[in-house]
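Before anything else, here's the structure in question.
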Amino acid sequence: MESKVRVAVIGGSGYTGGELLRLLSIHPHLEITAVTSREYAGKPISLVHPNLKGFLSISFSDLNMDKITEKADAVFLGLPHKVSVKYVPDLVERGMRVVDLSADFRLKNSELYKEWYGYEHPYPDLLQKFVYGLPEIHYEELKNTKLIASPGCNATATILALAPVVASKVVDSNKFVSDVKVSSSEGGAKPSEGSHHPERQNAIRPYDAEGHRHAAEAEQELSLLAKDKIKVSIVPHAVSSVRGALASAHTWGEVDDMTLWKNLASFYRGRKFIRIIRGNIHPYPDPKYVIGSNFADVGFATESRVGRITMFSAIDNLVKGAAGQAIQAFNLSVGLDEDEGLRIPPLRPA
Amino acid sequence: MESKVRVAVIGGSGYTGGELLRLLSIHPHLEITAVTSREYAGKPISLVHPNLKGFLSISFSDLNMDKITEKADAVFLGLPHKVSVKYVPDLVERGMRVVDLSADFRLKNSELYKEWYGYEHPYPDLLQKFVYGLPEIHYEELKNTKLIASPGCNATATILALAPVVASKVVDSNKFVSDVKVSSSEGGAKPSEGSHHPERQNAIRPYDAEGHRHAAEAEQELSLLAKDKIKVSIVPHAVSSVRGALASAHTWGEVDDMTLWKNLASFYRGRKFIRIIRGNIHPYPDPKYVIGSNFADVGFATESRVGRITMFSAIDNLVKGAAGQAIQAFNLSVGLDEDEGLRIPPLRPA
Amino acid sequence: MESKVRVAVIGGSGYTGGELLRLLSIHPHLEITAVTSREYAGKPISLVHPNLKGFLSISFSDLNMDKITEKADAVFLGLPHKVSVKYVPDLVERGMRVVDLSADFRLKNSELYKEWYGYEHPYPDLLQKFVYGLPEIHYEELKNTKLIASPGCNATATILALAPVVASKVVDSNKFVSDVKVSSSEGGAKPSEGSHHPERQNAIRPYDAEGHRHAAEAEQELSLLAKDKIKVSIVPHAVSSVRGALASAHTWGEVDDMTLWKNLASFYRGRKFIRIIRGNIHPYPDPKYVIGSNFADVGFATESRVGRITMFSAIDNLVKGAAGQAIQAFNLSVGLDEDEGLRIPPLRPA
Amino acid sequence: MESKVRVAVIGGSGYTGGELLRLLSIHPHLEITAVTSREYAGKPISLVHPNLKGFLSISFSDLNMDKITEKADAVFLGLPHKVSVKYVPDLVERGMRVVDLSADFRLKNSELYKEWYGYEHPYPDLLQKFVYGLPEIHYEELKNTKLIASPGCNATATILALAPVVASKVVDSNKFVSDVKVSSSEGGAKPSEGSHHPERQNAIRPYDAEGHRHAAEAEQELSLLAKDKIKVSIVPHAVSSVRGALASAHTWGEVDDMTLWKNLASFYRGRKFIRIIRGNIHPYPDPKYVIGSNFADVGFATESRVGRITMFSAIDNLVKGAAGQAIQAFNLSVGLDEDEGLRIPPLRPA
């Protein structure tokens, strides 16, 4: 039997970190060798992630680069943006495989970090070396990289909804508004006024409605596909569920349903985690039916009366929107099938 | 002391009926004299509406027109569409005041009933005599009518979001998509596969995405305000809460925030149930903060980078979206203040 | 028209404070003259309580005793325990009517503060002057006091469930375990790890299971009724709803249902906020049907096969469990009907 | 490579059936050869279970015993009680391995079917041949049987909470009340008035409070362990979550915490799906942290002041409470490890 790829997780105490651990712990070809947490170093992992009690024998450790890289072939970073950028260059220099789940290496144009994230990116050259970790778009490049910048959840939902129609130009509008409905786990594990249960439950609350950061990466990727400058507006809304995000990407044009269906089917042919949703009982995607899995369910609706087209995409924000997709991309980069360790049916009802 | 206006409720066993009873039971100038229900005739009202135990001494009765109209000055109908239309003409003939909460008398153009509701409207002339019961738009007309067609919930949310910008033409686009997020009580009191708790909870589920019926009334009212043909697409999404609806009405144009704010403030000046939401802590409307009340919280967001404008409106679908608005309109028609019996602060947290 | 009773609220930024403001703002005989908040002094009340936008013209003020007492006849305190006790004696000295919603004046036996709250009560004599503000038990005393210690929510639910059977001794056991299911608003407005939405939603989480503080007041009141030492164990469980608490108070004995029903009916005869729940469709109390109101729905179930008796009581923890009950008790103390300003039907569905 | 065990599922359209399919589809040693559904015969499985789209190539079929048994070594029945009993004897006669998830073969004493289920059991002899499929109690017997009666969810939670203290007699009371909090998926996939989302969400609703059927099997199993007649009262309460059940089994006695802890640790030593919960951050079991998995988290709390002991057990009602446990028991009966195909970490947050 071949040996497993040794993986370290830097920043393992948040929800993304926890989800990485959940999925890595059952991956047949990957092995967790270290999990760091500044706050919980020395403490058992199940103290923070009670679901994992019994699954991991190691404890959280401090972020000691030498120690970590000595026993790992690859490092997944589950850190906030502006923090990841402090550690990644060192890891690159040490020749490690890197999967960064923050926004710090997603954008090719370093100017955009000033505009959207409010900081001057210190390593503009390094940006060019990372592959944007959306396997449905960068399948071949991911097979040939050691550096992966894993996409944001709302960007993933928006790109997967719009990619087929933008790439094929079956919709020739440049007015796209992706109205995203997001669950509370998207906000991370840190409590806040807005995440306080009595305030968050039953909310239907728009936020970042003047411009959501994930538009930057969505525009980068969609423009690449369109070979043209694409503009997308993302308007997220907090709803009551804990997991799942739905992008309803509205645009304008005259396309019949059959053309759209064929467009999706052809664009996503062979992609194992895309399911095209169509039919009478469940006519559109609903994140409820991908919970716990790496699937993105995509679909569409048209209202020819007014020339409105809506492209839908439903994901579990912590799996396809974060940890699952990171592993999917990493699988490709180490020569595994993209769905290795990820052939998990969604939970239902949940 | 003046005598109270005597009110009968036909179809009192659904959620709209129950909400009418809740609000009428504490109205200082209205008195409930009969509540009908085919299914529950003879049974105590609290059997169906356990919250009302102790508030109403009468029981459900059969729909006997003679008996009902004898002891009522006005009739509220909480029936489904196509059913209301069977009873309303008789009530009109008997000289009753009528508030119909179904869709059967909302549209002026009888052709639209064929297109949107699939039936030939049998009383096209009667349609002209009804006033569309949205007091923020038809304030004066409501003071001079005995016949009120109470608006649909998603239409109310969409119209209140868009009315100011459409009426003033500060937004000159004719591309409007109202992405509405709706709670489960919108679907009514009858169980179905889609309303089954394990399926409905945690859903983020688009429905009627090829064309929602409430677009017909929204277009009628917005076109009236614009003195031009306005086209609106309504795309509803079922989310997990029980009460509340948010319309995020997206459109395109170049308007600055101050102009939009002034536009809203001027359009809704003096309207007691409109609250304009703006500021740092709560920048946009959230139905969570109007629960149980007749308020519509309105607001907006612009993303000038891409020329996208979103107009928001948040309501409690059973109050401002149904029973509360019906009473508000009725108040005006009988010479009361529009907020009589409705000065109820929203519940929070809820 | 007689003048209104002027009321100040000290500590108005929490959930109890917000609920007091919601109810006081529509009370026909009470008038809010000041609302203090250390954190928000000078800020509009709707900044903290967005539901109240449009209902209160005053802003939060600092806690200046002279200013507050000058323009108030009564003070409601919505402060945490150990904080209330710092202000109450001064207010008493100034001759104010006081309604304290903290635990600081609920217990007659000052020793219990050491045992349950971990502090030495500095005013043991003052404890004797307060009336425990549960009108269903201390109706007459409340009419003759200026000092009210408003009960805790889980204590209210437990006492109202058990009072009839304990007072009448139809159940002669002294083994009572009140298994309480509580909503998230019970925990107050301050965010914490446990109240973080992704952790709190879908929890069914026991807490304080080694002894919940409200047992102290429940035992005090039940012992008083029984004229005997009663021991009660309260075991609370956090569930997903935002409002509402259900006490399932289990005990042992041989009593038939009719005897129990008569016992409840007789004990609560004339009490306006108690509804006895019994029947086929809704056989037991459910807090869902008292939301937003001051009702306590009570009921019971027996399993004679094993000699188990369960007494149920369902309340809205912020109304009958806090602000509503405080106003109910205060109404009595100023000579008003107990339900003045509180004749509000519960919201349904919610 | 050895061949897989061929498994048929009779009654695969409900939640238990769906969960069986989810788990069987990823089991390395079992293979689904047929799934029946009277209602959906001929339809794709993903029509009913949209989560499983892409996981199963077969469709629902009719219940044709010859065809089914020809291509299966074992049959799992996901049918309602009184229906299962019609098919099981035939399957037994044909020499099939049988795992029945209904109540029809759980009780040894046929008289109890009359008392609790209202029917005369037609095969009292066959009852003796079935092993009650709770591997934590019947580990060895399950290894030597072809006939498994899979336990009820509330019974599983209650038995696992109480088994250690009853078996060891560290608690010598015979007063046990298991206050169970249950999620909506326990009610099955068929919509009803009580499961209608607006009524079910935010409910804290006792049901079957005069005697819940699962008491029969809980008493059977606990009496067996105690070698004495044990009486248990189960009082279920519907709460808002979709998955998960918590049993808080209250009883009386004088036992210190260390003794209880040792008792649990010793009783459950080596049992792979039992996790003993204890500590500061998460002191008691919460079903939230077993969602999607076959774990039962167990724990306890004592209040020595009043002599109250509570034994807790938290399960996912569809996994350890139904489909997962059925597979766990079946694994043993065919010589596999009990956790084969079930080493799935719980989902969190969910």
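We call the chains A, B, C and D, going by the order they appear; numbering starts again at 1 in every chain.
Assume a contact is a pair of C-beta atoms (placed from the backbone, for glycine too) under 8 Å apart; a residue touches a chain by one contact, two chains touch by 3 or more.
Computed from a predicted model, the values in this text were never measured in an experiment.
> Among the chains here, which has the CA centroid at the largest distance from subunit B's centroid?
Following the centroid criterion, the farthest chain would be D.
> More C-beta pairs touching across which pair, B-C or A-C?
If we tally the contacting C-beta pairs, B-C comes out ahead.
> What is the distance, in whole Å, between the centres of subunit B and subunit C, each centre taken as the mean of its C-alpha atoms?
From the centre of subunit B to the centre of subunit C is 35 Å.
> What whole-Å value do you get for the distance between subunit A and subunit B if each is reduced to the mean of its CA atoms?
The computed centroid separation for subunit A versus subunit B comes out at 39 Å.
> Report, in whole Å, the distance between the mean C-alpha point of subunit A and the mean C-alpha point of subunit C.
Roughly 46 Å, centre to centre.
> Return the residues of subunit D touching two or more other chains; collapse runs of consecutive numbers into ranges.
In subunit D, 15, 184-185, 198, 201-202, 240, 242-243, 286, 291, 349-350 touch at least two other chains.
> Where on subunit C is subunit A touching in the complex?
Spelled out, the residues of subunit C in touch with subunit A are 15, 184-185, 187, 189-193, 195-198, 200-202, 240, 242.
> Subunit B touches which residues of subunit A in the complex?
Going by the criterion above, the answer is residues 175, 177, 179, 181, 183, 198-199, 201-207, 209-211, 231-233, 235, 237, 239-246, 248, 250, 252, 283-288, 291, 301-303, 305-306, 308, 310, 312, 314, 349-350.
> In their shared complex, at which residues does subunit A touch subunit D?
15, 18, 22, 25-26, 47, 49-55, 184-185, 242-243, 275, 277, 279, 281-282, 286, 289-293, 295, 343-350
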